[in-house]
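Below, chain A partners chain B and then partners chain C, in two separate complexes.
Moving on, here comes the complex of A and B:
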């Protein structure tokens, strides 16, 4: 390295060795994060303990009991089912809707750009506040959506306060907030595709459906995968919207992983069960994020290559 | 593409209109509610035309709410200030810690560098409560519970990975030769970092900072778990608002409008960088 030899030739009192420099630069960031890794390990320990804040004297290791009891615990299966259902429904609907909107806005025009910027606004709204907004709009007394529902014959439609429609309501809020996320990633993807294949197809008079399924979709796949996994990872951990809207209710209709763990910790003060729930959720997200990171890296390399 | 029939254009127009209505309606509606009195809000069917009033905003800003049963104190301005303070400080700390680290990861392939970078990235995807619940117990022991210091530390979970990965990409885009040339001129690495790398990556760093601000501002769960009323930001404060008695719906709407305006304004300003930021640098907009 010429730079290194030049530097060595220069007299100077204080010098950091070249090998230590990168470590020194990243050290402060790492130290902050180690403080965050410790609670993670603590969670693992708690998850193997019988630990209730209300009975600190009875705290002891019960090894796998927290996990084993999940197998026969209908509340756990409910949590798993609602979490997967919520994540599945939101991601599929947001993907379809996001792709459709991205294709509507694909052509660069002033109007399209203006609309795509407007659509960012729900995404930039805090999810908890978005849930509040929808709560006001679905209030049975004065909510405008309750009124609109009554106009189309749904008298006394209870939205989030009825067990049969609570999931639908929070899914609707999630779609409102996060569809723009998928939309802008796919829009960026669509606009970065090479134009030649499309021109050739148009010249040959290839039908539109063929172009969409055989050219657009395959070329867009890395973007779709990245956007989908991003959303899946967030959606399976959704807390803000559900907690702000219904606090997991009515009953235990919407006790997804994080909401259930929160209620276990703060209401039933069952730290052990709460930690075990979080470890299971972490295992799911760890598995998903490994797939995600591979895709994300490939896309990132491509983006850097173009730069 | 140019031979679109009239029918198709009409259908596209209708579809786009529906999309715009669905995504814009809640914001417009809450905005309108924030200028109404409880009387007009409770009217059925909902009114599109009403006499706008600023009473909701004055009540929030003065912190005094006149109700039939007396004067009520609202701490909303306190929440708003907490949001500003927590977000600004968290981003400043994250920039201070994250930019040098991003530079190290971009320029030096040292042992374990990729592993460390990915560990940091994985924080973005780990369930927040996994860390937060044990942290509440630790914070109580350490005396960090309900302190700005503790909150800002935890906010690094959101801000650091974002800044690290976006800024790293910007540093990687700077050709290393420029820096070598400057160093051969006899300058130290620090001078190179300060005079060459930082200014060239400047716009990226600014964008990453704005995005980190938006994410910190919008965060809900950290403060819900770790802060009491006097340290809570708007996201948590507004929720407590809706359950407290005597509060009127117009005031809640006005509080929501005040809470979402900063992030919406910043997003419009930084929209060019949003795609890159939201995908943590994987997609260029």
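Moving on, here comes the complex of A and C:
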């Protein structure tokens, strides 16, 4: 029997050349990427079209007209302003509250663990359902929050139905739902910090405020940045809470990007304008993500002593 | 079936015995109402089958997309008769109204052949028709080989039937000669007043006869009924649905329009006239003084449930909303009454704008002939009568049902004033909007402006001028103005 015969007789499975292997391994990721890119690129194309489903005969490329019209439209600037304001207020307040709660629960104990699990309950509620619950709680006729407000002298508090308090109301719902998310991330961060710097500070009798601002906060910054990034991206794309509570009203008080885009597509069937709004929202989130990720990487490098 | 009962039912089908006589006769033969109803359905099925080849599509299956609604419930309750009559199978998906039209838009815009027919409103066909998503039903209605001889297309209330027909030209008259029948009316709502007569008595208020009286009555009810009850419930959410019920019905009674249509077919905003501004001032004042505190979040649901729960003294909304609140487990069941409403003292009759739940055929249906068999049965006189008398299929769209003694008696017994209200306002009932493809854009913006006015964010004159300017810009941009 020759050597060649022996080689042929050996059980040979499916063979992959060394050059093809990396491509094959990355194929699933590539497929997922294509699955994401196709609708994205389609949206980009639509955003450059005059495309209204109810006027199919008028469909044509208008190139930048959808975008240009936004810049001269005060409603668009209102949308931008409301979206950024909503995202800014919710993220800052949730961060402060989440950090405070995390610090209160930092010490491992059965009670603290139980409380931290209970505090996660709102996060498990669908935001649209949470909004409906709050709508009932703020009902001026029978809502418990309206009753509580009346006890402190706010007899006719209109909550989401008044332009002056609508933003505050939806921000409260957002805080109720999402603060536990920040809390749990920061709690994990706090509990994973090395103990030595804190022990040394305690031995030296360093004031607690100094420990917080000079030791805890800098060491916790990567976690804070991560939590902020996630929440910022989510809240600037807020839809369900606002739509379920006010449909973007009263007036144009809460017409954030997602609500505007939704109404443009599903109600007005204006695909071109809706797509353009979503592309602008994508650009904003991309820009914000870049800032955060760059800062996060810089901090990580510094932590490794390479900065 | 026993011969005597069968003969009696056949005589009814031939028109020799009226409905009251039939029921009396069946009672005399010792049949309970339930059994009589079942026999009647059998009889109707046999009668239908005698004149038309209902079995032409035997073995086929069609799929429907339905909104969760008493009209859909009535159809489902009677569906077995259709299956027996045709040998066809019908499957369906039912969605709640909050997401229903999103589902319809998603299915149709994707050219999905999943659904053959679906429930829709006439306003929606102003988008679906020009988009090529639905079929002009004239092809089937006018074909005697495809439509059973008892279908009686002329039996539909003319204003309602015409409201489902549009020629596709922006500003084109509904029901014109060249109009396409985009949908078949199924059931409809007139916008009138439903009131709590106990509260009216307590406050010493009579049923308002015009807009001035309505504003005054609502204010007096808010002041005098007590217990946190407010005077009038109307919709206020940031949606087209805020404009179309009471608001537009009263507005149209003053001969005011949403849009002007020029001789060359161009559209322009018409809501900033002096008369319109005066009307808006009254409407806004009424909400500020006597509406619900969180009016800007009110949809039909809150308007209805407040009335049913005794939180409001009256509503100016869909008459069927009042109908449903006057029954069931509602706290105010049996305490509500109905009245047509003529906002303009100079007008001769009410002119309610209407919402029509209708049936449309998807252009992507794989078997349109079979689908039409279902549609003509579901919108036929037999099912309309079944729904109206056995279920809660109000308001029926067929004149013959409104003439039916049993149906009128059912309404008179439990819904005082309903028949009179209907008779007074039906002649003037139709869609008062201008048919055009930007309907939802413009009415949503109108609702948002109304919210700003009620919240005193913008003065009424200025708000309407700005609204008109914005609407004219949008119409121009869309090539309509």
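Points to keep in mind about this one:
The rule is short, and it goes like this: the second predicted complex is superposed on the first by the 253 of 307 C-alpha atoms of A that agree within 3 Å, B and C clash if a C-alpha of one lies under 4 Å from a C-alpha of the other, contacts with A are read in each partner's own complex, and residues count from 1 in each chain.
Here, a residue touches a chain if its C-beta (ideal position, glycine included) is under 8 Å from a C-beta of that chain, and two chains touch if they have at least 3 such contacts.
Since we're looking at a predicted model, the values are computed, not measured.
In the superposed model, B is the one of chain B and chain C that contacts more residues of chain A. When the two structures are aligned on the shared chain, A:135 is found in touch with chain B and with chain C. In the superposition on chain A, contact of A:81 is made with neither chain B nor chain C.
When the two structures are aligned on the shared chain, A:250 is found in touch with chain C, with no touch to chain B. Applying the stated contact rule after C-alpha superposition, one finds that A:42 touches chain B and leaves chain C untouched. When the two structures are aligned on the shared chain, A:188 is found in touch with chain B, with no touch to chain C. In the superposition on chain A, contact is made by A:239 with chain B only, not with chain C. When the shared chain is aligned, chain C comes close enough to touch A:158, but chain B does not. Contacts of A:109 after superposition on the shared chain: neither chain B nor chain C is touched. Where the contact sets of chain A with chain B and with chain C meet, they give residues 135, 139, 141.
Only residues 1, 12, 15-16, 19-20, 22-24, 26-27, 29-30, 33, 41-46, 96-98, 100-101, 103-105, 107-108, 110, 113, 116, 118-123, 125-135, 137-138, 153-154, 156-157, 160, 164, 169, 172-173, 180, 183-184, 186, 188-189, 214, 217-221, 224-225, 234-236, 238-239, 242, 249, 252-253, 256, 259-260, 263-264, 266-268, 271, 274-275, 278-285 of chain B touch chain A when the two sit together in their complex.
Here chain C touches chain A in the complex through residues 101-102, 105, 109, 126-127, 130-132, 228, 237-240, 292-297, 311, 437-438, 440-441, 444, 447-449, 451-452, 454-455, 457, 477-479, going by the rule given at the top. Remark: chain A residues 2-3, 6-7, 10, 12, 19, 21-23, 25-26, 28-30, 32-33, 35-36, 38-40, 42-43, 46, 100-101, 104-105, 107, 115, 117-130, 132-137, 139, 141-142, 144, 147, 176, 179-181, 184-185, 188-189, 192, 198, 202, 223, 226-227, 230, 233, 237, 239-240, 243-244, 257-258, 261-262, 265, 271, 274-275, 278-279, 281-282, 285-286, 288-289, 292-293, 296, 299-300, 303-304, 306-307 touch chain B in the complex. Only residues 52-56, 58, 69, 135, 138-141, 156, 158-163, 245-252, 263, 266-270 of chain A touch chain C when the two sit together in their complex.
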